[in-house]
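Here it is: the structure, laid out below.
Per-chain numbering from 1; labels A, B and C assigned in written order.
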Amino acid sequence: MQAVTLDPRRRRAEQTLLFISLLALSLLWLMPFVTVFLSAIRSQGDLISRGVFAFPKTLQWSNFAKAWNTGEFAIYFRNSLFLIAVKVPLGIIIASLAAYPLAKMRFRLSMPIFVFFLAGLAIPIQVTLQPLLVIMKQVGISNSLFALIPPYIGFGLPFQIFVMRGFFRLIPSELLEASRIDGASEFTAFWRIMLPLSLPALATLAIIDVLATWNEFLIALVLISANESRTVPLGLLQFQGEHSSNYVLLMAGIVISIVPVIAVFVFLQRYFISGLTSGAVKG
Amino acid sequence: MARGLVTEAELPAVRAKTSRWQHGWFVPYLFLAPALFFYVGFLVYPMLSSLWISFFDWDGLSPTKTFVGLDNYLKLFFNDEVARRALWNNVLWTIASLIVPTGLGLSFALALNRNVPGTTAFRAVFYSPAVLPLVAVGLIWSWMYNPQFGAVNVFLKEIGLGAIARGWLSDFNTALPAAFLTSVWANAGLPMVLYLAGLQSINREFYDAAKIDGAGPLQAFRHITLPGLSETHVIVLSLAVIQAFKVFDLIYVMTYGGPGQSTQVLGTWMYFQSFQYYHAGYGAAIAWVIAAIVLVIAVPYIRRMSRS
Amino acid sequence: MRKTLAICSLAIAAAIAAAPAEAVDKTTLRFFTIFDAPAMESWQPVIDAFKAANPDIDVKVETVAGSGAAVYPDVLRTSMASGDPADLFFMWGGEIAGPFIRAGQVRPVDDYYGRYKWKDRFASWIVARLQKDGKAYGVPYHARGMAFWYRKDIFDKYGLSDPKSYADLEAICTKLKGANIYCATFGGKFGWHPMRLLDYFFETKCGPEVHDKIFSLTASFDQQCVVDAYALLKKWVDEKWLVPDFLNVSPDDSRMPMYQGNAAMIIEGGWMEDVLKANDQDLKLYDFFLPPTDHQPQRYPAFPEQWMITAASKHPDQAAKFIDFITAKDTQVKYPAAFSGTATADVKPDCATSPHDCKWAEILSSDRQTYGLSDQAYTKELADIFFEIQDGVIAGKYAPADAAKTMQAKAEAWKAANPR
């Protein structure tokens, strides 16, 4: 009997304690964001004389416009957005096409091929860099954004195939069999039944892929040298090289570079997180 | 509704009829073709090509290469102090990654699993650093570590610990740990999310049964939670190790391998060798050492993923 | 039908007639440099002037700025490896250009030297420095000298004057330390900034002949003068004459303490005047003195910077024409902002607005002897090894004697692995 009456009080105490600790931890966790943002909206003189934690005397929003212009972020944004617009849909469709037979058709090489793709999750990018450079040169698209698309697709496939295959397997085969009876081709079954039913999974993969493409650094560093073709991470590093001692301007540039991904994350968290966990939990 | 809708009774008959292929044996391969093209062409083939290059001495630019057999690998393990240092740094980084960000992630997940109000918001806060480009993370923390103006030293001075304030990234002893702390901030979110999902999949009835039996919270944790998370552990720990051996962005941006090559890791040392010192063969060997280690460690992970 | 055909052909004929008579195909010249934002501003009028004078050539500028010789060569190399490099590019002298020349990526320009009579345009030491194996591979852009730049007001305040010997320099540092001012400031992130101080110690302790032999790896690092040089570096760190914790500070950042009056000196080149202007510093507060090396001849560190033409360029003639334009005295006199520190003889900067450039121009066109820099004498790999030891001495990881021994061992290993 005593256990029952003690429980609600203990539970509330535990909840309050947890909430307070979590709150404190979150504030600590957000500190870097706060520091950067605060530094970005003041003048250099204000920062140096009054220190990084002091609230600026006057707000200097012009840092953002100045960073955008001198940093040529318009070019970098354009490039990253172009990459995303081309690579993300293309990659997901290719992955879905591949996931379909792996999920819904029985053929001898199905599991080996699936494992073959899965192994890609563990392969480090470094081991493909030098040959990629040589391939792109031979094909003639080196030093352009197009050179990034094939490796990005290649490296994105393992995770995407895994998720789509998992999702496809959840779709009842009866639906497919019904269409096969009707004499429809496999491709029609894929296009008209599997894909439309998989929109949540496709959306999730798309969001994860958008962020991954925006953030990719090493392949771009090696394959791209022209400023015209730089993606946002490369551009940000270039910007830092040019203005390393103009702290407030640099912070403004950093804010500019991360606002899009933060926005995507904040508004679409749910899809994002569910996509990540589809690998950890069965079904 | 599909036209050929069958009734319950007819199902077995239908299944029997369609269990055999009505289309050619090549159909699956048609679907797989584009994916195989990109995957084999731009991942597998370059990887094998790197293996080939690693047996040569080549500057990456000229058309001629010299065959050197296993020399590059021997050099890596026995002759190159920086490479050994890099490997050691990777090992340290990995061990630390297995403990700190994963332990932190587990703690966050356990806390958030108690249905505290604001769980979604907290989860978002702790995960948010993981969505940023690592270049930005590196630059943000380089700023925080700025010896004169950065938040870390200013904060330390404010709370009276000014004596330990220093150039964290300039000091041989603290540069790597300081960079690692940055990666903890960026990487604790993923374990948290994975553990949270794992926790939520543990059957509630186990806990109720345990409470009836008089088990305390600690015992419940040891005998129900931890075992229940065993699958998640495999995934979280494998991912941590894989990530730790591939480290590049943070080191490149924050310390550039310095001071005095003390923070080089295999990922960055490979880059310096291949693309700055014109030793493409040696760089390929370093890359393959990374790949070999990671692939071996990833076997249980891949096995688990393919089983579900 | 016939009517439609008639109208169509008329339309096509009209279109052809209306098209501008492009007798000349426009060539695009890709021009790769390290210009940062302020430099681009001063160069834009120069490029526009060239385009105006040569309407058949369009010049596109591509840049990589900020980390000095650390990243730009990578990017250049990437573009060469990909088969798509620019037509002409900026390059430092010495071994930074070495690998590109050896890989056959640079076009020898002796023919253009003959055509445009470039030899007459520059001081002879500069042209000589840019030759390799008897061939000319580059055309001088800058002649850069480096020196100790210092805060005049701080020196005046404490009654200090230009040191004439190394002992004088130490005396200055001791006095400044007593006044709680750092003697000098450096940013060690890429290694080449503190290197300037170490190179000065090498020159001072080893003298010109031995120093040159060390640069060419024909003398050993494992000798007393080198140990002494490392010992001096250690001394400057231990005595707290240098702003501390600087191994990860970028060279740009390291100027801050000097602007704020917390440090008195820094080793920089002639470009410092532009930097001071860009950072709104009062030029009257700054001056420079050549490093007192206690040797005759008293050499100062200097190096040429050059323009090179890529071997893969499809427009070498246009590139050469552009180079001729930008190295011509006429052009440079019209656009002084883009050409401070120029190697072209007889281009005198405006002494009223650029007093330090004026002083430098005199020094650089004189017969005064110069010594090179470690990061130009050695390939990047060897230079990084040099910096590793340098950082080790600074952090106390290597005692000076060990540093010298280790450096020699590593240099020998490098030589064995990289036969020329």
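General observations
By our rule, a contact is a pair of C-beta atoms (placed from the backbone, for glycine too) under 8 Å apart; a residue touches a chain by one contact, two chains touch by 3 or more.
All values derive from a computational prediction rather than experimental measurement.
Greatest centre-to-centre distance from subunit A is found for C, with centres as Cα means. The interface with the greater number of C-beta contacts, when B-C is set against A-C, is B-C. Centroids of subunit A and subunit B (each the mean of its C-alpha atoms) stand 14 Å apart.
In whole angstrom, the spacing between the mean C-alpha positions of subunit A and subunit C is 39.
Each of residues 48, 133-134, 222, 240 in subunit A touches at least two other chains. Residues of subunit C in contact with two or more other chains: 78, 81, 256.
Counting partner chains per residue, subunit B shows two or more touched chains at residues 60, 275.
By the touch criterion given at the top, residues 36-37, 62-67, 71, 75-76, 78-79, 81-84, 250, 252-253, 255-256, 260 of subunit C touch subunit A in their complex.
Taken together, the subunit A residues at the contact with subunit B in this complex read 14-15, 18-19, 21-22, 25-26, 29-33, 35-36, 39, 47-48, 51-53, 94-95, 97-98, 100-102, 105, 107, 110-111, 113-115, 117-135, 150-151, 153-155, 157-158, 161-162, 166, 174-175, 177-182, 185-186, 190, 211, 214-215, 217-218, 222, 232-234, 236-237, 240, 247, 250-251, 254, 257-258, 261-262, 264-266, 269, 272-273, 276-277, 279-282. By the touch rule above, subunit B contacts subunit A in their complex via residues 2-6, 11, 14-15, 17-18, 22-23, 25, 27-29, 31-32, 34-36, 38-39, 41-43, 45-47, 49-50, 53, 60, 108, 111-112, 114, 116-118, 120-129, 131-136, 139-141, 143-144, 146, 149-151, 154-155, 158, 185, 190, 193-194, 196-198, 200-201, 231-232, 235-236, 242, 245-246, 248-249, 253, 266-267, 270-271, 274-275, 280, 283-284, 286-288, 290-291, 294-295, 297-298, 301-302, 305-306, 308.
The part of subunit B that touches subunit C in the complex is made up of residues 59-62, 79, 82, 147-148, 166-167, 169-172, 175, 254-256, 258-261, 272, 275-279. Those residues of subunit A whose C-beta lies close enough to touch subunit C in the complex are 48, 70, 133-134, 136-137, 140, 142-143, 222-228, 238, 240-245.
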